[in-house]
Amino acid sequence: MSAISRFPVPALDTLPEDIRNRVAAVHEKAGFVPNVFLALAHRPDEFRAFFAYHDALMEKPGGLTKAEREMIVVATSSANHCHYCVIAHGAVLRIRAKDPLIADQVATNYLNANLTPRQRAMLDFAIAVAMRSHEVNAGDFEALKAHGLTDEDLWDVGAIAALFALSNRMANLMDLKPNEEFYTMGRSGR
Amino acid sequence: MSAISRFPVPALDTLPEDIRNRVAAVHEKAGFVPNVFLALAHRPDEFRAFFAYHDALMEKPGGLTKAEREMIVVATSSANHCHYCVIAHGAVLRIRAKDPLIADQVATNYLNANLTPRQRAMLDFAIAVAMRSHEVNAGDFEALKAHGLTDEDLWDVGAIAALFALSNRMANLMDLKPNEEFYTMGRSGR
Amino acid sequence: MSAISRFPVPALDTLPEDIRNRVAAVHEKAGFVPNVFLALAHRPDEFRAFFAYHDALMEKPGGLTKAEREMIVVATSSANHCHYCVIAHGAVLRIRAKDPLIADQVATNYLNANLTPRQRAMLDFAIAVAMRSHEVNAGDFEALKAHGLTDEDLWDVGAIAALFALSNRMANLMDLKPNEEFYTMGRSGR
Amino acid sequence: MSAISRFPVPALDTLPEDIRNRVAAVHEKAGFVPNVFLALAHRPDEFRAFFAYHDALMEKPGGLTKAEREMIVVATSSANHCHYCVIAHGAVLRIRAKDPLIADQVATNYLNANLTPRQRAMLDFAIAVAMRSHEVNAGDFEALKAHGLTDEDLWDVGAIAALFALSNRMANLMDLKPNEEFYTMGRSGR
Amino acid sequence: MSAISRFPVPALDTLPEDIRNRVAAVHEKAGFVPNVFLALAHRPDEFRAFFAYHDALMEKPGGLTKAEREMIVVATSSANHCHYCVIAHGAVLRIRAKDPLIADQVATNYLNANLTPRQRAMLDFAIAVAMRSHEVNAGDFEALKAHGLTDEDLWDVGAIAALFALSNRMANLMDLKPNEEFYTMGRSGR
Amino acid sequence: MSAISRFPVPALDTLPEDIRNRVAAVHEKAGFVPNVFLALAHRPDEFRAFFAYHDALMEKPGGLTKAEREMIVVATSSANHCHYCVIAHGAVLRIRAKDPLIADQVATNYLNANLTPRQRAMLDFAIAVAMRSHEVNAGDFEALKAHGLTDEDLWDVGAIAALFALSNRMANLMDLKPNEEFYTMGRSGR
């Protein structure tokens, strides 16, 4: 039991080299190690699979901007009441969107956030996948295509919502605490 | 658009070699290729991440029997109304548990299925993670430890529920259809 | 307390003659006595009223095929998580529809089952009656009439959903267990 | 389409004799013909089955007083937002309980109605059967037995909730309107 | 603890003069003192603010008739299961609408009450504000304007729903009991 | 229609003097005018009643600290997805609690926020009043008294939840936008 998770958190120097390298890389980029890297490292194989999935959806090229991907994460993580994901990805959203206000708006009620019609439709679809995926139907696909999204974009929206369905549940299972840095990142200027 | 998914399904011989090998291996073992392998192969990197995560939880040693892991999959997939996962993993559960009746019971209402108290408690926890993970608390952990589960077992229960939260949403997004074989596998004898 | 119900189950030879005859008839037709006949016989007057209601809706001529009536039973019984009704009427549905797959599809998520638009609309209406009957309105009636159903057909759809609202609650109250035969009936060939 | 139902309402003199007699009997007793008798007579076989079921539960001897049975009807009908049943059985409850206030209390929020602990426990059980019967378990049975109810009484409570699950859905399907007389019956004196 | 509230209820002659005057005025007008006046007087400042808010919405001129305002109160109070408000404002609604039946209809299921299309649309909007105000959007405003309501009327509908969101919660917090007089007021004639 | 509300927002110099004074006072204290003051001033009588109610609960002496009162506001406003109230009172909570992290924690999931057991119990009670007040019962009162709260404190907790049930609905009705200042207030140091 540690301060950041209900489960044991390994010491960095006990980790397999590939995981240690990944942690070092994020440390260098962000200036600190986000707690999810340490907490998930308790299970190296799950750590590797999770970040491989994450990179396949969040880092690849595609029709969605990086800010739009983070919006999907924040909206669905808020629907799942995931403390870690809302705070950490809220910070990333502020930075990616260059907008210090957007994350709190999307987290509280994306229905009255300052969004374009395309973004609003994307979040409607993402929330449908997150909360009642068995009702997703051809009509939902058509609604988003009317905003210029392709089938591949729709896979991306749905798959990001699906990946964070997993991520939110793991973070809540671990009672994962966000680093203090995330609360204030990206809040100044615009 | 194909018969088994809303999205394109690649021809086997167009797939990267590692994926082709994985498909060949499951084909040899099961006697057919479960549709999820073909449908997810539309996105090779996501395919690799998904099955790496799957194997890390479903194939590794641990305190849960393989039948118990499949029970968790069937109960949570039913709560998410995931046609593919309930039918396909229902088949695996029948085989792993050597019980032709258990899968339909767990899918319809695990609360009156023929389960041990330990199994019932595991499914209560799995459903909590699947449906309201933000309410999971120390009391839930204690309840399961009273049945002899360890913290590592609890991670497994919760992580399987979390992985299929992803899997159910992807299958529903794709409108994935199960192979006919799954409907009848494991229904004879006990 | 017996193996099939939370309440006492009478011995066949202690039953009133009309009920004994009804049980003998179903035994001859099905090759076994479905447990609901034995469990409800604990209350002969309720047994008679239930099966009179059942026959008035399920056995009479009318605009709905017998397979369509069973679909309504399976879809609404699944929404009510009624173990007995999903398993027993799932078997009857497979036989009436001459389709070994349809029952599991309708039970898991009728929204992606292999249905005609008319069948899909009928199940939408049946689920509305089952789960939020106070919201049923003229618009719902019009939607079904556009599929060629008459007012009398709509009564049938709604009344079957209503009768199994009763039946599902009685089965869950009794913790009624389905006969093993039902799990596999109608699963071969098509 | 008539003023009292979405479906045709037969003229009294066109009805089968047994139904006409039943209608005449209730007319004589109540001073008017409750609309449910006319509306259900559109389907004579269903009329007969419904009232046979009704009498088997509401008119027979047993451990529950007639006022308690009506409380169950009013509480569960209110949970189902059944206009006809709340108004008509509210009237009967006022008369049976000799209490002009109890029906409106039970209909609005039985949790703060003026009830004995036994009555409150009975309504908790009835609401459980009405709204989430698949979760009813041995603990619920024990809770009521602590108030002196027998297994047979529990069948009665659950079966009344189940019968009105049917009745509420039929009344909502028909958009059945209560007779004006019901609104004021039993409101004076106590 | 008193018979009408979970909290202390002050004696009339201990109240500040303005509150005593207000109580005397309602006593003279109604012929009795509605219990909410006594129970809220436990906190004089809150009493004053509540009735100031009440009068600003319920007594002022405006596009809604007084009967329409009471309909909004009864429909939203019923959705919140507020015993006091449904009974007390049901009485006022009967009187204001000169209709002895309307209050019970609106309380049980406004969707099949005897309403004009304008009234039905107003209650749809009021219930939206009461139960899921974060989803209220421009489309809801347009729907009501099509019935002739102005923006100011819409503020009134929403604000009455909002005020009784407060009032219902206070009454439920206090377990406030309605005066017996309310149950029968306005039930005769029409 | 203005940038901050769906309804007209009056110019400051057109307001009645008492309201202008109140606005001037908050302007001097906060350094800016919170938008709720301008938007509610569209209806001066409702403005006066709202702030009178607000002051009666939020500014008076009592057993709850001012930080605890703001916690109740943030937790219940988040449950109601009220953009304005979560952002504005989140800022006040950070300042009153001298804790830059607490508001985001309480808004996302108070169940894993960094709270004392007393604060956690208070929020459980506040959420019960906010979301299902008709179920609040003597057991809930006892649970909080075990943490040292008095009946008067419980009135305060419940009444604050009730007042913001109103406030959240008004803000959502108006689509009220928070001032940018609120997003960052109180985020530095601790």
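Every chain is named by a letter (A, B, C, D, E and F) in the order it is written, and numbering of its residues begins at 1.
Just so it is clear, contacts are C-beta pairs under 8 Å (C-beta built on N, C-alpha and C of every residue); 3 or more make two chains touch, one makes a residue touch a chain.
The shown structure was predicted, so the numbers you read here are calculated from the model rather than taken from an experiment.
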{"item": "Chain located farthest away, centre of chain D as origin (C-alpha)", "value": "A"}
{"item": "Whole-Å separation of chain centres (CA-atom averages), chain B against chain E", "value": "51"}
{"item": "Chain B and chain D: spacing of chain centres that average the CA atoms, whole Å", "value": "44"}
{"item": "Inter-chain centre distance, chain E versus chain F - centres from mean C-alpha coordinates, in Å", "value": "23"}
{"item": "Multi-partner residues of chain A (at least 2 other chains)", "value": "81-83, 109, 111-112, 134, 172"}
{"item": "Every chain pair in contact, whichever chains are involved", "value": "A-B, A-C, A-E, A-F, B-C, B-D, B-F, C-D, C-E, D-E, D-F, E-F"}
{"item": "In the complex with chain E, residue positions of chain A that touch it", "value": "109, 111-112"}
{"item": "Residue numbers on chain B that touch chain C, as the complex places them", "value": "78, 81-83, 86-87, 100-101, 104-105, 107-109, 111-113, 172, 175, 177, 180, 183-184, 187-188"}
{"item": "Complex interface listing, chain D residues touching chain B", "value": "134-135, 137"}
{"item": "Chain A to chain B touching residues, read off their complex", "value": "6-7, 42-43, 45-46, 48-50, 52-53, 55-57, 60, 80-83, 129-130, 133-134, 136, 141, 151, 155, 158-159, 161-163, 165-170, 172-173"}
